[in-house]
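So that we are looking at the same thing, I have put the structure below in structure tokens.
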Amino acid sequence: MENFLASLFTFQGFAFYLFSFLTIILFWITVMSNNVLYAMTSLASGMVLISGFFFILGADFLGVVQLIVYVGAVMALYSFAMMFFDATREIKEKNTNGAVVFVLGGLSALMLVLMFAAPIHSESIQALYPMHEGVGNAQDVGIVLFTKYLVPFEVAALMLLVAMIAGIILAGKKMDKSLTEMMDEDAGEDEILTQKDEK
Amino acid sequence: MDYILSILVFFPAIAALLGFVIDKDSARVYGVTVAAIEFFLSLWLWFSFDGTNAGMQFVELIPVIPDFGVNYYLGVDGISLFIILMTTMMTLIGIMSLSVKENVKNMIITLLFLEMTMVGVFVSLDAIIFYLFWELSLVPMLYIIGAWGGSLRVYAAVKFFLYTFAGSLIMLVGMLFMAYTYQSLTGVWSFALTDWYALVLPVNYQMWLFAAFFIGFAIKVPMFPFHTWLPYAHGQAPTIGSVILAAVLLKMGTYGFVRFSLPLFPDAAVIWITPIAVLSIIMIIYTAMVAYAQKDMKQVIAYSSVSHMGIVMLGIFAMNAEGIGGSVFQMLSHGIVSGALFMLVGVIYDRRHTKMMDEFGGIAAVMPKYAVIFGIMLMASVGLPLTIGFVGEFLVLVGFYQVSPIMTILAGTSIIIGSVYMLSLFKKSFFGPVTKEENKNLKDLDAKETWSLVPLVAIVVWLGIYPKPILDPIDNSVKAMLNFMDEKAITQEAKDMIHVAKSTKEAK
Amino acid sequence: MIGLSHYLIVSALLFSIGLIGVLRRRNLLMLFFATEVMLNAVNIAFAAISHFYNDLTGQMFAFFVIAIAASEVAVGLGILIVLYKKHGSLDLDDLATMKG
Amino acid sequence: MMENLVYIALFAPLVSSLFAAMFGMSQRKTFVGVIASLLLFTSFVASATLAVEVFTTGEAIAVTMMQWIGMGDLYIPFGFVVDQVSVTMMTMVSLISTIVHVYSIGYMDHDKSFNRFFSYLSAFVFSMMVLVMSDNFAGLFIGWEGVGVCSWLLIGFWYHKPDQSREDNPSISPSWAANEAFIMNRIADLGMLVGLFILYWNVGSLQYDAVFAAIPNLDQWILNGAAIALFIGAMGKSAQFPLHTWLTDAMEGPTPVSALIHAATMVTAGVFLVIRANPLFAVTPEVSYFIAAIGTFVAFFAASMALVNRDLKRIIAFSTLSQLGYMFAAAGLGAYWIALFHLVAHAFFKALLFLGAGNVMHAMHDELDIFKMGGLKKVMRPTYIYMGLASLTLAGIFPLAGFFSKDAIIETAFNEGTYILWIMLVVTAGMTAFYSFRQVFLTFHGTERYDHHEIHPHEMYKFVLIAMSPLAILAVIAGFFKDGFETFVTSLLPAYHMSEHTHHYVWLLTAIVTLFAVGGILLAYFKYNKGLERNEKLENSFIYKLLANQYYIPKLYEELISKPYAMISEKFWHGVDMKIVDRTVDGVAHFLYKSGDVNRRMQTGNLSHYLNWMAVGAVVLMVAAAVTAMIG
């Protein structure tokens, strides 16, 4: 317990524990809350904290990318999507077999913890692409990214393009009419149908 | 011509394909001509077959998958020759007496395909080709029972197919394992039977392989616990289906024992003698009693063929020339006799559309010719001397007496309980006054039926009085096989049990 | 001192929270959130390992995970919208059309 | 020349059978009967010339036609030998069958399947000739089974008769009796087959000469086994004790059949087998004594049942059974030639008795109950003389054949020192005399107990009576040929002479037997000559009922064997076949179907369920990985 307290007082330790504690709470809210808005906001803030983690770990470029792409783009997407689904209503969730879910989740958590807690530092692993001390993280990443991982990078780019097009096509149908009109329209048809029978 | 075997196998198939072109109403004539040609080809094979040479003749070997040792390897010897002859004859007679009315063309085509697969099974000397034809023979029979059968036909056809298929899968596993051991010992892949004969396996290997082959063949024979598909298959099959099923398909199982299990695993075979003998005796006595309890004429004959196959199984495991030769001859005699009996049931079924025995009574007065032929076939099936039934049964019982006297006496009761159920069938249907109105004006046998039954009666009497031309080739091949098994057997008690006939010793 | 195992434990915990979310949620959108949580948990682990083993591969992987997550969300939401139009609800129990 | 005489003797009956078979379906044609009888007569002439030939030259004629079965070391040819024993049997069989053929032309004249009858009868004679003439046990077995089948055909000749309850027809119906006869013979044939196997595996061949040559170097228990097995076969065919019920039921067949098959030829096949295989039985004293004991018991047993029987043909059947007992007693005690002599003599007078009974039946419109006959003496004089003469011979009165052959047997019983057998045989001789004359007096003497306006008995056709005359003559004169017969036959069979001791008593022994016989006749005379007075007390006394129901043995067989057999097979079919074996097979299929069905329920279509299952899988894998890591 002592070294735990001791490490609290170093910057590294304090930041780490703060961030991890907050992230767990936030993600717990995302997962557990019945209100979509709460879930989304806690998710967003959670991701910001994770970028914090990256910074502690010295992966600055990664942290920034996380901030921009994840928090920015993905959360923006979600919020726009939310506008489609009438998220205002409280989500009544029939959470069946709650016990099973918690048992499973708890068990998997326990197992993972056990596995990772065990000393896995085996000396034989030597770095494939060693970090260079002097150079900044972004430069390092850039060199490796554009030399060794060029092909995956290009493929990722292509994938993103495909995703964009897919997103547009899927969501784009009948974009001109608003959702609510469509709802009336369907209902309307039924009325027309029913009226015809009565006449 | 030296490709006679391939012609024998594939001629009916090609003819069947051409059959699609033939128009409906001349399909029967076409079927009869093709079957007749096939029969004369097999007769030609018999005449050019050299009875004294016990080894394989007319051998054809074309490598199909060289690096796995699967080759198109055909050959015929004393044992398989006459079963082929019987197959072609029974198909010919079956087609001649075909009483099926609707879509006769498809029936002819299926029958010709069936003939190809049946002849293929008996000529092939390569395990995979044997297995190929073995499985293919199920398909046409499935259609015959499934399409032209009685009320429960789909259940019976599917049960028949799946039951035999499951058994033969286990046999396939055995074959693959056998090929694998062959490869591990000699370094070369081969499925050829003659190579496998040369392979001497340790006893525990033999036991396992014997068990695998046993299940595949036992279901087909059918042996006691696995026989319940037969009454359904016969009950629902049309007459032609029952005739072919009883005459040929049951023989594949016993032929498999003689061709595969005995020569490949002599020691295991000797160890398995007692269990199989006990099973066969149960088969003989139990099914004979069940036959006595039957109400349906066709079921009586179905169960009687299980009982006769019990005798054949006994003969195979008598491990001496008399026993095995007797069982091969009994296969032929059972094929002809039970085939004829099923045809006879078909005759009365066509007239009265029922097979229940108490529906008939006193038919002997109404249909004398039919009663005479039925009587002769009955006496053959009961094993009256000077008919074909006696020779096989006598030789089997003589052969098995050397193995164990008590079991032979138990098996011998088959002639008693055999006559019990056959005579009670004959009395219920043929003797007594003509009670039912419908039976009063039944027509006697017409030309088609007489022309298909009279040759069978002739063969039953001829082979009963003078079986020499059939017995000699079988005798030579069986003695050669026993001699081979005796040299190949490892364990001492196998050597003592396998009784090599003295005549082979002098001949050596 | 904060070691690698600390980070791994945290990411494991976050992963399990994500897993609980996935299992518990009936609403498809909320399910997406939970998957996002799991992805981020994994990223932390990657970053931690790359930091402690002084090897950039970890970060590379993290990048690609982010790329994939982004495209996944795009397509996912597209499908969600179509589903919503068709079924009018995102609740999994109503969408059980593929019944065996 | 001799060879084709053998073939003629053998194949003439076959030719006549095939010839008659050709007309099997068509209407009655007398020429079929005539030609059949002529062919039979040629066979008799051939056998007679062969007999003379064998008598003069003294050595046998052996002929091998072709190979029958050859497999492994087993070699069975179609071989025929004509030696002293087989030629006597051949002549006897062919003579009696010729007479019976001629007789049945008259007897069966108004039966619509007249031709079919002759074909079956000639087929029977052919198989009997094969049985008698073959030179190996397998050939004997061919004849054995052939005779069984022909008797099945002939007993069930009137197959159209419906089944009746046991009360009004003890043997239910001809077809039932035929099946019973065939199956009972088959039971004994199994024993015979086992005997064949024992001989084959220990001797290497089934030829008579090979087997008899090999007997000295076979050990005792094999010989005993073979002897017992062969005797079981003989017991079935000659209807000895346990397997005797089929003989009385066989009376359902037409009378010529009973005369030929169930009196003269077929039933004596068992005795012929014991005589033919005498070297084997001579070497096994215990089995021979057992045969003698069984023979005597059956003699007494059958005679007792005949005392009270009311059916004309059944009484004669019982007397055949009893005389067979005598023959087995003689053969068992070693006096083979005496057994053969009695066999031949018995054949003559028993056939005569049966044919006479046939005449009576014919006259009385198939009425068989002797209580409903009487006073036929006046109307059927010749038949009366014939049956009286035959009964006298049967009783063993001095000048007739029965006296010589039966007394010789009783003397051997005395000579062998087996006094109990001797006493029983003497008592049975008395009983035989009583019941045969009871039957004669009840049918021919006393008041007519049948009602006149329905039945007016008339004598049989002339030619039939003439045809019966040779039998009568032989029955009378056969006794005088005893010594000639002995020298002729003992050149093959072991000679058997009474010891000095018995010679000394011979007159006393014959006196005792004749006394018993005459006593029996007188008792019958006083009791039944005037007519029949039934006294109720005797008839429902226990012994009377016991004997009338043949010691309840047929009912016993019915209850203990045929009913349980049918019940068990029914149980087997429903219980084992349907329930157990079939159920297991369908059970396997059903199990597979059910398990498939359970899995189907997992596809709920609900995504979260799948996720749950996925998570469960992941967790399980992790646990497994951890555990293996821990252990490993």
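Each chain carries a letter (A, B, C and D) given by its place in the written order, and its residues are counted from 1.
Note that a residue touches a chain if its C-beta (ideal position, glycine included) is under 8 Å from a C-beta of that chain, and two chains touch if they have at least 3 such contacts.
What you see is a predicted model, and the numbers here were worked out from it, not measured in a lab.
Two chain pairs, C-D and A-D, are weighed by contacting C-beta pairs, with C-D ahead.
Taking each chain's centre as the average of its CA atoms, subunit C and subunit D sit 97 Å apart. Subunit A and subunit D have Cα centroids separated by 103 Å. Taking each chain's centre as the average of its CA atoms, subunit A and subunit C sit 6 Å apart. The distance from the centre of subunit B to the centre of subunit D, each centre being the mean of the chain's C-alpha atoms, comes to 37 Å.
Counting partner chains per residue, subunit C has residues 19, 23, 25-26, 93 touching two or more of them. For subunit A, residues touching at least two other chains, in rising order: 100-101, 104, 108, 112. Residues of subunit D found to touch two or more other chains are 608, 612, 615.
In terms of inter-chain touching, the protein chains here follow a pattern that is not a line, ring, star or complete graph. Contacting chain pairs in the structure are A-C, A-D, B-D, C-D. Subunit A meets subunit C in the complex at residues 3, 7, 10, 12-13, 16, 20, 23-24, 27-28, 30-32, 36, 39-40, 43, 46-47, 50, 53-54, 57-59, 61-62, 65-66, 69-70, 73-74, 77-78, 81-82, 84-85, 87, 91, 93-95, 98, 100-102, 104-106, 108-109, 112-113, 116-117, 119-121, 125, 127-131, 140-141, 144-145, 149, 152, 156, 159-160, 162-164, 166-171, 173-174, 179, 182-183. If you check the complex, the residues on subunit D that touch subunit A are 608, 612, 615-616, 618-619, 622-623, 625-626. Partner subunit D is touched in their complex by these residues of subunit B: 159, 162-163, 225, 227-229, 231, 286, 289-294, 320-322, 325-326, 329, 362, 364-365, 368-369, 372, 379, 384-386, 390-391, 394-395, 397-399, 401-402, 405, 408-409, 412-413, 415-416, 419-420, 423-424, 427, 430-434, 465-468, 471-472, 474-475, 478-479, 501-503.
Those residues of subunit C lying in contact with subunit D across their complex are 19, 22-23, 25-26, 28, 31, 92-93, 95-100. If you check the complex, the residues on subunit D that touch subunit B are 24-25, 66-74, 138, 141-142, 145-146, 149, 152, 156, 159-163, 173-176, 179, 182-183, 186-187, 189-190, 193-194, 196-198, 200-201, 565-566, 568-570, 572-574, 576-577, 581-582, 585, 589.
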